[in-house]
Each structure stands twice: as C-alpha cells, then as structure tokens.
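Could you have a look at this structure, given as structure tokens, before my questions?
Think of it as A, B, C and D in the order they're written, each chain with its own count starting at 1.
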Amino acid sequence: MLLQKLREEVLEANLEVVRRGLVLYTFGNASGVDREQGLVVIKPSGVDYDELRPEHMVVTDLNGKLVEGDLRPSSDLDTHTLLYREFPEIGAVVHTHSEYATSFAQAGLPIPAFGTTHADYFYGPVPVTEPLTDEAIGGRYVHETGLAIIARFKNTDEYIDPLAVPACLVAGHAPFVWGRTPHDAAHNAVVLEAVARMAYRTVSLKANADEVSQALLDRHYFRKHGANATYGQASPAGKR
Amino acid sequence: MLLQKLREEVLEANLEVVRRGLVLYTFGNASGVDREQGLVVIKPSGVDYDELRPEHMVVTDLNGKLVEGDLRPSSDLDTHTLLYREFPEIGAVVHTHSEYATSFAQAGLPIPAFGTTHADYFYGPVPVTEPLTDEAIGGRYVHETGLAIIARFKNTDEYIDPLAVPACLVAGHAPFVWGRTPHDAAHNAVVLEAVARMAYRTVSLKANADEVSQALLDRHYFRKHGANATYGQASPAGKR
Amino acid sequence: MLLQKLREEVLEANLEVVRRGLVLYTFGNASGVDREQGLVVIKPSGVDYDELRPEHMVVTDLNGKLVEGDLRPSSDLDTHTLLYREFPEIGAVVHTHSEYATSFAQAGLPIPAFGTTHADYFYGPVPVTEPLTDEAIGGRYVHETGLAIIARFKNTDEYIDPLAVPACLVAGHAPFVWGRTPHDAAHNAVVLEAVARMAYRTVSLKANADEVSQALLDRHYFRKHGANATYGQASPAGKR
Amino acid sequence: MLLQKLREEVLEANLEVVRRGLVLYTFGNASGVDREQGLVVIKPSGVDYDELRPEHMVVTDLNGKLVEGDLRPSSDLDTHTLLYREFPEIGAVVHTHSEYATSFAQAGLPIPAFGTTHADYFYGPVPVTEPLTDEAIGGRYVHETGLAIIARFKNTDEYIDPLAVPACLVAGHAPFVWGRTPHDAAHNAVVLEAVARMAYRTVSLKANADEVSQALLDRHYFRKHGANATYGQASPAGKR
C-alpha cells in the first residue's frame, strides 16, 4: 500500500477536526500531498468517521486521477489538487464547515486580525473569495472553487503568501485551510474557528474595532519566519 | 406487534435529536408512516428518553385514531397526521424546539439560504408560517398548526415542494421537519439547527447579507434531484 | 433526622441545576419547605457539590432560625424564607446565576413571552425587579432582595400569580425560580435559562419582535390550570 | 527539588483553566511565587497538558533568571515576573486567551461591572490597557505587556488595587489574572470568563446598560475586605 505514513497523518487530521467540533456528520475532509511522488492522499466520500482506517484513504495524482483505493475520493478533491498545484509550499489541505468561519464566509467578509491569537497564525486578515459566477457554478464547480481561492491570493495588487495566511474563506460556502503537514493544517483549521468566534464577538462589541498594528503582525510573524528562523522549522502547534 | 422496523426507526430518530442536543427534557417528538398500511408510528407522550423502547411507540391511522399502544401519543399527533395526509411524498416528521431554529420562529422570520450547507438540504429559504389567529388557537390548535404549515407550502403564489424544502418554522412556536424516512427527517432537523446557527451569525455580521444565487441553489438541488438522479435515491446523510 | 424525604428532594434539585450547566462553582442554591411543620430545608454554604449529602442540608424555621444542621445555610436564606412566607402556594425555591437569565437581569429587562416554550411554563413575561436602593443594599440586603421580588409580584397595578409565573429576575443580580416541589422549581430554572437563550436570540434577530398573543398564553396556561384541570395535578416536567 | 508544594499548586492551576475550557491547545500559562525565597514557579513552554508533571515546572528568580528546570519557561515569563515585582500582594498569575474576555480585549473595552457575579470578584470594571506602541512591540515585548498592565493600575488619576480587581485585559491580546494563591488566580480566571460572557450578552440586550451602584460594589467588596474581615482570609472560591 502506497504512502502508509501520509495516510495515517491524513486520517489523524480528519479525526482532529471532528474531535474539536468543527465537523457535523461528514461535512469536512482533509488531504495531504507527497511532493516527491506527486501523489495526494484524501479522505473518501461518505464513510463514517468511526470506521475510517488508513487503508480507506484514496490516493490520486496531482490532477485528481485515481491511483489507489476502492472508494470514491471526497467530492471536494478538485479544490484540493488545484491548491497543491498552485501553492507548491503547502503539504496538506483541510476543509470544514466550521460554524463561525462559515458565517464570515456566508456574510462575504474576511476575518480581521483583531488580536495576537490571530497574529500567531495568520499574518493579516483571512481573506474571502469573490462569489462564484453563475458560469463557474454551472461549469467545473469544484475546480472553480479552487480558482476563486487562487485568484484571491495571487491577485497582483495584493499578493498573499499562502503559508503566511494559511486559510481562505470561500464566499457563500466555508473555509479551506492548509499547512506544511496534515497536523499543521488541522491545527490551523481549529485555530481559525477560535479566531472567527472571537472576531465575531469583537465586532459585536465594537462594530469598528481596530485591527492589530502592522508592528504586532510583524512581531508575531517574524518570531516564526524571520531571518533567524527557518520557515516553519517548528510547527505552530509547538510554539507557545 | 405491528410495524416493528418502523418502530425502531422512529425510536432511533427520537434518540438522534436528543443526542445532537436539539431536545431539552421531553420537548420533541418524531414519527414515521407506513404508506401501504396507512399507519403512523409516533413517540408516546411523557416517557423519559432513557426508558423509551420500540414497544412504547404508539400506532394510529392517518386520522390519528389509536390502533395499537398503551400510552398516549405525543400531543402534537394531529400536526403529524395532517402533514402525512397533505404531503404524500414524505415518510417521517420530526418536531423539536431546537433553539436557533426556534429563535427564527419566534422572530417570525424565515431562515435565509446563506450558504452551501443550507443549499445541500433546503432548496431555498426555510419558510415561516403566519401567526395562528386567536380563533385557530382557541379551536383545534394542534390541527391548525398543521394547517398553517400546509398553507405556507401550498400557497398558490409560491408553491414549495415539501421534499425540496423539508422543514417549516411555525411562527411563535418551533420547527417541524420531515423527510422520506425517520433517519432523513432527524438528519434534516439536525442540519436545520446548524444552518439556523450560521444564519443567525451571518445576519449579525451583516444585516443585509446576500442569499446564495439561484445558480448555486440549482447546482446543489440538481445534484440530488436532476434528470440524472432518482429523487432521493441516496439519503442526504450519505451525499458528501 | 428531620425531613428525610425533603432533604433528598432538595439535594436532587441542587444537583439538577448543576448537571444542566446553570451553576459555575457554587453559585446556586435550592431549598424546599414543609408547610405542615413550617420548616425549610436548604443547601449549606460552601460545600462542594460532589460531597453534598442529604444530611448536610440545613433545616430552619420560616424566619430562618436554625433548627437542625452543623453547617451554615446558604447566604441567600433570607430571600428564600421571605418568598415562602409571602407566597404560600410555593413549595421550593431555586436560585442560580444561569448566564442568559442573568444577562437579562443585568440589563434590567424582563424576558418577553416570545413563544410556546415560554408559554408552557410562564403565563406572561418573566418580570425583573426594580434596582435595590442604596439604603436597601446597605441594610438587610438579602431580605431586601426578597422584598424587591414580592413588590414586583404584589404590585397592586399588575398582580402576578407566583405559580402562573414561577420566576423573577433580580435587577443586577440573577433569577430566583420556584415551584410546588423542589423537582418543579429546578425544572423551571432549567427551562427559564433555555427560554432566556431563545429570547436573547429572538431580539437579536428582530429588535421589536412580537410577544405571543393573549390567546396563545391562555391556551397554554389553561391546559394546565383551567376548569378541567387540577392546578398542578401533573408537574410541568411531565406535560409533553 | 525546590518548592514541591508550589509546583503542585501551579500545575493544578494550569490544569483547572484547561478543564474549564479557557485554553485551546497550549494558549495559557499559570505561575506562582514564593515570596520568602523570591522564586517563581511557572509552566514550561510547549509541553502537552496531558504530560505535565510538577517536576516539569520551571523555577526562576523574580527577574526571570533560571534557577531550576530542564525546560524553557513559558514565553510570557517576563510579564509574570514584572507583575510579581510590582504587585507585592499577589501570589500567582494566570494568563489565558479565554474567548469572551479576549473579545473585550480585542475590542479595547473594559468589562463593566454589570452584576453581583462580577462584584463578588472584581471591585469595579476589569480594565483594559492602552494598545502597545510600535516601539514597545519592537522592543522587550513581553516585558512591555507587563508595563502596560502596571500603567493601567498605577495610573495616578485612578489607582486600582490589584487584589480588589485581580485581572486586566491587554488590548489586542488577552486577559492576565492573578490572586493570592494559584488556586485563587485560576478561580478568578474562570469567573472572569463567565463575567465576560454575561457582560457581552448584557450589552447586546441593552447597549447602554447601567453598571451596578457603588453601594452594591461596596457591599460585596466589604463582605470580603471590610474592617471585620481579614483581607483574603477565605478564598473567594469558598465564599458562597
């Protein structure tokens, strides 16, 4: 069986977002990529979490072509593979409908960087895509979802480094989150939801609350990513 | 004993909405119908969930006349039976006072279709009935509750297909939810509450938030109900 | 040992409000009264819930004079005994700082009767007292807390039947709830908090939401209290 | 091994804030001080709570110099030690990113004293610091965080007694809470979060809600701190 260790890590990422309350029924999926072999490991569609085993994970190539597995891959596969092709730095993708992040997505609003919890994980607001056009919805919908994310990050006016801001809200849909490893991507998804909860309450308390200063964003970003740090040497989970 | 399998399914639906936190004390009830025999199986009134067994379920005909059972049926029976008579496509009804859906009902507001979580289950806003008149409240109140739901769906100006939108909020009261099977109805009730939570937060974030486009509603509806799909072939629970 | 059965019921009421999440640390207390003997059984002060046993309950007379017990009674005793003296119909009192009901109390607002969940337990809005005067706060504070509740119910312009509306919010403090038995009082406290949660969200959704009609209040009240029903024949807990 | 008992108390305080849901992953830390020896015991950085043992606690002097321990101390150490140097009355410090208190911190708003739950623990609003300047953020950031707290309490115009109001919100960051013992500091942190939740809902219900009167603040403060009471004789946890 291919990629035994990655299967286990992807399974664990899927289970972590369930344990943390981000997933109702089966509304979520996590994947990981092996860059050397160019293979993606993703959760199958429609298997109960209780029964998920590493051998149920589906293996595809970077274009989503099935390589190994008896089950259908998650229906969001085409978004995952597009993110892997366009963001070569990332190693894993997690998608959930976690409720506060999804509420921002439904409102079409980014999650502002209101505090240090946010700044420790996201170097600026978590952006939201443009709504998908009717044409995109009627066409290769899942692929177009990925394109909307890519457009938001590679928009020439305001390029966003996908490892500096490892998440994007898809307007009217829900968040996609990523990281260097399945562990990091799941961790980022959990923190994103906490950050969304607090941002929701912050704007309820003060509609025009200030975001943190650039100095504070820099401070938190460069303790992890500055000249004296290897990018991602330690996982965010272990930083505090 | 009549209808053993349906009794078990109805019991399981009653327990599922409790497990998912939709029911405080005994504020809920689920039923199912056997269309061939014209019999309804419903939770009895006033039995603790811990002690509920399939044999406690009450069997009535479609007019609510007792056929089998030693216990009184749920006091909402007349709403259930009316829904079965008027919506021949449905196979089960679940009623809860789940808190966010009930809050929309208390505000007299429908739940707008703000995102794909909603669109996967409800092909448009979840409607709310007109408030019951004093005459209706003073008359056959439980039956009138059902009539208010029927009026909302069969209103000639804007007919709603009850399987496309398998839920209705009763103004000043709480949601009624249905489906093809007890499993589906309970599942829909759980998703309705999640969708209500997210809609609540969406309007808090942005009072005039846009609903999803017709194209997106269609996309999600027709993956389940289009020309290439048998209506309800797979339960919503297994779609992702 | 006096009043063994009432001690057990009072203990159980204290534990029920903890189990239902209404009590943080030791911020709550329940009591019951034996009308024949004129004795009150109340939770002691400062004993962990894990260690509470029936024999720890403190017995006083209706003026709060210690009759039996080695521990100090709850510091809210004087409010409980005043309610027993002024409301001869009630048999138990529960006090918690349950968070949503307390938020209404802190805002100095009653809990409007927005739906049937409310109407099944409270025949009209749950009232809030006037703020205590500085003199009252500086005097017999706990007794004055009870007087503020009594004033709200026996206010000649709008007399409220304490069994029809078995709860009051003390402004800037928290709810006091009662019932015919310790079981009912605890049950009413739990439902009050659920009703407060839903009222909070209802006004968030629609600031000027309508309360339910008098017809609906009557309908729900008189199924329990009308000519054909013995007042309190069945406990509210068993009505549905 | 130095300070065995204090290590156990500090460990227990760290675990209490986790058990009470104030800490996501490792976003929190507690410490205690031995005033006679001038030694601080603090949680190490980056050890899972499941594995924390008393011997993992790190011991430093009041300037943060390592005295005993193989692990790095919490990265917030310099805030803790500054608080110990400036507030000689306190014996323990707890820092969490508990979500409602953090939301007030992110909004740059104090937590108003809306009710008796608040007044039992905090003799007035829980203050919020000024935002840190870019210079402070770029300099000795963790130390500057402590300075901002000190400035808020020792501000000559409105001196605040740190044991009367044993918590401060750091703007754009999160709360720091303290007490005479690790147990009290953790307890205060838990109550602060409850008080923040209720204050959030109180202002949602009524934007201009009144704070409690000075008479009520005094009443609650002087039952614990008045002429007839030894300051802190009994821990707040045991007062009710």
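Everything that follows uses one rule, which is that a residue touches a chain if its C-beta (ideal position, glycine included) is under 8 Å from a C-beta of that chain, and two chains touch if they have at least 3 such contacts.
All values derive from a computational prediction rather than experimental measurement.
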| item | value |
| --- | --- |
| Contacts common to chain A and chain B (chain labels) | none |
| Reference chain A; chain at largest CA-centroid distance | C |
| Degree value of the rotation bringing chain B onto chain D, based on Cα positions, nearest 5 | 180 |
| Classification of the chain A:chain D interface as same or different, half of numbers criterion | different |
| Chain centre separation (chain A, chain C; CA means) in Å | 47 |
| Distance from chain C to chain B - Cα centre to Cα centre, in angstrom | 34 |
| Multi-partner residues of chain B (each touching 2 or more other chains) | 204 |
| Touching chain combinations (by label order) | A-B, A-D, B-C, C-D |
| Chain B contact footprint on chain A (complex, rising order) | 24-27, 45-46, 74-75, 97, 99-100, 102-109, 131-132, 134, 137-138, 141, 172-174, 200, 203-204 |
| Residues on chain D engaged by chain C in the complex (per definition of touch) | 114-117, 187, 190-191, 194, 197-199, 201-202, 204-206, 209-210, 212-213, 215-216, 219, 237-240 |
